[in-house]
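Next come two complexes, and both contain chain A; in the first it sits with chain B, in the second with chain C.
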Partner chain A sequence: MRDNKLKYILVLPAIIVVFATAVWPLIESLRLSFTVGRLTKPNFPQGYLGWENYTWAFMEEPAFWNSVEVTVLYTLITVILTTLIALGLAMLLAPGGRLRGGVQTLLILPFAMSPALIGVSFRFMFNPEFGLFDAFFGVVIPPLAEISWLSDPTLAFVVCVMADVWGWIPFLTLVLIGGLASIPQDTIEAAQVDGASSWRVFKDITLPQLVPVLAVVLILKAIFSLKTFDQIYMLTNGGPGTATQTLSHYIYFSGMKYGQIGYSASVAWVMVIPMILLTFLYARYVFQKR
Partner chain B sequence: MAQVLLKNITKRWGDFVGVDNQSLAVADKEFLVLLGPSGCGKTTTMRMIAGLEEPTSGEIWIGDHVVNDDLPKDRDVAMVFQNYGLYPHMTIYDNIAYPLKVRGTPKADIKPRVEKAAEQVELTEFLHRKPKALSGGQRQRVALARAIVRTPKVFLMDEPLSNLDAKLRVTMRAELKHLSRQLQITTVYVTHDQIEAMTLADRVAVMEKGVIRQLGTPDEIYNDPSNLFVAGFIGSPAMNLINGSVKDGYFITTGGTRLVKVDGGDRAKVILGVRAEDVDIHESGQGDIDVLVYAYENTGESVMLTLQFGKQRIIAKGDRHLRKDMDDVVGLRVNPDHLYLFDSETEERIRY
Partner chain C sequence: MTGKQRKQFWNVIQITLILIAAFIMLIPIIWIFLAAFKTHVDVYQLKLFFTPTLENFGTVFDAPYNLGNKLINSTIVAGVTVLFAIPIATCAAYSFSRFRLRFETSMLVMILATQFVPAVVIILPFFVMFRDLGLLDTRLGLIMVNLAIVMPFAIWMIKGFIDGIPLETEEAAMVDGSTRVQVIRNIVLPMAAPGLFTAGIFCFIIAWNEFLFALILTNKDAVTLPIGLALFKAEEGDLWNLLSAAGIIIMLPMFILALIIRKYFVQGMTMGAVR
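Our next item is the complex of A and B:
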């Protein structure tokens, strides 16, 4: 057999698996999003509705817009906060930075924890009866002792953001350390001798050369923030009320709890659009020829 | 305009001593070359002058200030890096303009100065390009232009020609020399290439293992080496160094061959240094001793003969028309006027 035929046969199993687990469900969910799709009624998916699921979400459903708002806010804040903190840490931990060695190993620890576990631990830590944070704040700033963090809509959102930022900093820091290490040291030294202050060296020399890595970090974190589900599910379950209900949480609830598969598929497809855009951008930065 | 002064400078990393308690004065407008093999501390010495490395102890003076506590940006020096250190995301124009920009030069002044610097190194037509689009020699010139765009107190050059191919290196060397005569700015230049050191320097400091072994004009370094290391390091091919002793006014090799007349009394353990061009080759029987040709190399401009007697080998430089073959017998005579004797123990020069 000629090599150029053999190569297609060799990749065929992988292609079949990707089709079965990613492409087909995607197409099937698109089909379902145009159906009534009630799990609780006979003859699933009960015929086609056209665009009605979509217009319902956009026109008639405040819960949808609430979850969009939560997701956008959540994504913006976590992406910016995580990247900034990770960049600061990376500057300290990079070769030639001020901290190094054992600290780097310690840093990876939060990333080794599953998001669901992070959700559970944060729920315990903010528990008003026996939570670590509550005890801590109670001692340091006594007025905060009385606050029940997870039952206040704004504070619950803050706790969700905190947990997410905490969990993601390590990985992004490591990626940025790698990015910093790849910047030629002599460009930085040249700038120092040329007369640049440390801030200007960072702004004029380090940051512009870090842009490709930074772009990857931002896009990657945006993708992960957008699809956040497990951590929220374990930490607040979208509550109190719907204060921390992200889109993926909303999709899960509409589909799995209320059995509205058709409707939840249509909302999922609303989310697919920014995801595809981000994935496309990501692929462009990662696979671009430099 | 400034002199550079190092007073008892030491640089240590843990147990490793990079530079060991060295002092050095570079005069105003002088072109001083730090020469030595890799790891000898020459680059470290320069980086301490630039402020990129902190001395463990000692004082660094630029002009009439101690600069130990000054950041690189406050030392008013310009540096050319071995890998050029160009800013890859900036155009050539912005690269050259950067030292002016960060030092708050008025915008109206920047353009003419960048253009003048670019003209001096013949880069005018490349100003809008990025470093990636330039050849090695052109990048080298950008680094140079970025250094000369200001008038710093001191130029620091860290092996600036070492990444260029051999031919370009010779051209750039001449350009560098011309430029430095024009600019008249104190320069410290680091290299491991003795030809660069000999041709460019007003004075050369030869370094080994963190110590300056000799400081002098290229002439002194070549013709009057003060120790075995400098004698062996300077010159190509390297100086012949022969172990032996002095007895009854003659140098006797350890193999027992009476080689050449040497004044100054008997000495037990010495090393005789003689340069290849001071070893004369004659027809067999017409020299002081007869030797075998071990290897014959014709470089075009001259011929190199590796000669063997007993276990001793010696390299001689002969006329370019000389033709010999392996195992030929030739006469050898060492020119007694250009000999160097070194103490085998201390490796210091014995002057007689």
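Our next item is the complex of A and C:
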């Protein structure tokens, strides 16, 4: 067979799978978002509604805005915290050696852990009676000793952030260690010989060269933070009340628990738009490398 | 302080910080490991020393929990997903790596983008379709949607490996009269085998840990391990010793797999944006 035919035959199955499992459901969700789409009623998806699901979400649903607020806040805090801590840890671990190399290996573990299980383990750690972290914070910050973390709206959110940061630091650290390793050592050594302080070396040499990797890390983390579902579901299930209800969780609830597929599809599409923007930003970095 | 003393001082600080970080990373995992071997009395106390028991691992496999079924479901779903994903991804990856295609960049961006679409968006139409087709609560349905999440990783990862195989060997074989298909079978596949294996394990971990699809599409017969965690909520609260035992069964095999392919983990996750 000639190459110019073969090359398209080879990609065809993959393209079909991607279309069937990602492109079609996206378009179908968009179509459903303009319908009544009640699961529990006959003749699904009932009739065409126009933009009503969207206007309903924006105008009439405080719960929607609450989940937007939670998601934005959650994304901002987790992205900044995870990146900063991971950068620090990467600087500490980058030199290598036995101890540092060993810790680098350990960093794989939280990452291979199911996010649902991370949620469970943090619920365990913050149990008011026998949670280890709960006991620890009770000793370190006495006013928190008597408080049940997961029943308090603010603290429950803090626990969700901690679980997320805990789960993502290892991966981001490993990426940043890779980034640090690709910075040529001779400029750094030359600056050190000239007597530049460690801080100056970091600020003027390391950091600027790390920008592309940092950008990848920030975008990737932002995408995964925006999508967060598993951990929240197992940790607080959006509660107490709706204090930790992210957009994904809100979509899940209105679609699956209340059977409002049309409405939840419209909210889902509100979420898809920032994702598309972030993806294109990310793709730019991926293709720069080629 | 002399320069040498200062350096030593900094070294101690650094090592202390590293140890603290490692401790924080490990403590939730260690705590689950300890709890899994505690009796249902010990688990409700902050005990470090206790008489370990293996009872929990027996209980989770008994009725009413039947974790064995979930273990089988998880293994089949993740395994079959990988068996479909890797050959399909390998063909595509070879083509993307070796040829110039029309719409190549658009296709690659599209594949990349599918990874970033929120799972909750994808699952709504699938739920409706599976309800009509009777595919709800089946392993087959779960395998189909799982392909959606592993496919982009598999393609990008394998493409990275094939990019690293030198062109010369292939060209030499072509000059000697091999066809392209023979070249792929006899030269590229053996050389890319470790890469395919790595990508397979990576996808297995992702499919094994998948939560949202299984939560929505299954309720009894096809329930996977992560969803099985919800079984251990009793009237009187969570059964932490059993939850922990189930947790170990979920995470321990993945830890081992992750350690096997640890060098490629970062590359796989970032889809080649960071090498």
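Here, the second predicted complex is superposed on the first by the 275 of 290 C-alpha atoms of A that agree within 3 Å, B and C clash if a C-alpha of one lies under 4 Å from a C-alpha of the other, contacts with A are read in each partner's own complex, and residues count from 1 in each chain.
The rule is short, and it goes like this: contacts are C-beta pairs under 8 Å (C-beta built on N, C-alpha and C of every residue); 3 or more make two chains touch, one makes a residue touch a chain.
Since this is a predicted model, take the numbers as computed values, not measurements.
S.K.: May I ask you to decide whether A:L220 touches chain B, chain C, both, or neither, giving the answer as first, second, both or neither?
M.R.: In the superposed model, A:L220 contacts chain C only, not chain B.
S.K.: Once the shared chain is lined up, is A:A94 touching chain B (first), chain C (second), both, or neither of them?
M.R.: neither
S.K.: Could you look at A:F111 and tell me whether it touches chain B, chain C, both or neither (first, second, both, neither)?
M.R.: In the superposed model, A:F111 contacts chain C only, not chain B.
S.K.: Just checking: does A:W24 make contact with chain B only, chain C only, both, or neither of them? Give me first, second, both or neither.
M.R.: After superposing on A, A:W24 lies in contact with chain C but is clear of chain B.
S.K.: When the two structures are overlaid on chain A, which partner does A:A135 contact: first (chain B), second (chain C), both, or neither?
M.R.: second
S.K.: One more residue to check, A:A283. First (chain B), second (chain C), both or neither?
M.R.: second
S.K.: When the two structures are laid over each other on chain A, which of chain B and chain C touches more residues of chain A?
M.R.: C
S.K.: So, does A:V272 touch the first partner chain B, the second partner chain C, both, or neither?
M.R.: The answer is second: A:V272 touches chain C but not chain B.
S.K.: Which chain A residues are contacted by chain C in one complex and by chain B in the other?
M.R.: Comparing the two interfaces on chain A, one with chain B and one with chain C, no residues are shared.
S.K.: In the complex, go through chain A and note every residue touching chain C.
M.R.: Its residues touching chain C are 1, 3, 6-8, 10-11, 13-15, 17-18, 21-26, 28-29, 32, 39, 44-45, 89, 92-93, 99-100, 103, 105-118, 120-125, 127, 129-130, 132, 135, 166, 169-171, 174-175, 178-179, 182, 213, 216, 220, 223, 226-227, 229-230, 233-234, 248, 251-252, 255-256, 261, 264-265, 268-269, 271-272, 275-276, 278-280, 282-283, 285-287, 289.
S.K.: Under the stated contact criterion, what part of chain C meets chain A in this complex?
M.R.: Residues 14-15, 17-18, 21-22, 24-29, 31-32, 35, 43-46, 88-89, 91-92, 94-96, 98-99, 101, 105, 107-114, 116-128, 144-145, 147-148, 151-152, 155, 179-181, 205, 208-209, 211-212, 215-216, 225-227, 229, 238, 240, 243-244, 247, 250-251, 254-255, 257-259, 262, 265-266, 269-275 of chain C touch chain A in their complex.
S.K.: In the complex, go through chain B and note every residue touching chain A.
M.R.: 50-52, 71-73, 75, 77-79, 81-89, 98-99, 102-103, 146, 156
S.K.: Per the contact definition, I'd like the list of chain A residues that touch chain B in the complex.
M.R.: Going through chain A, the ones touching chain B are 184, 186-187, 189-197, 200, 204-205, 208-209.
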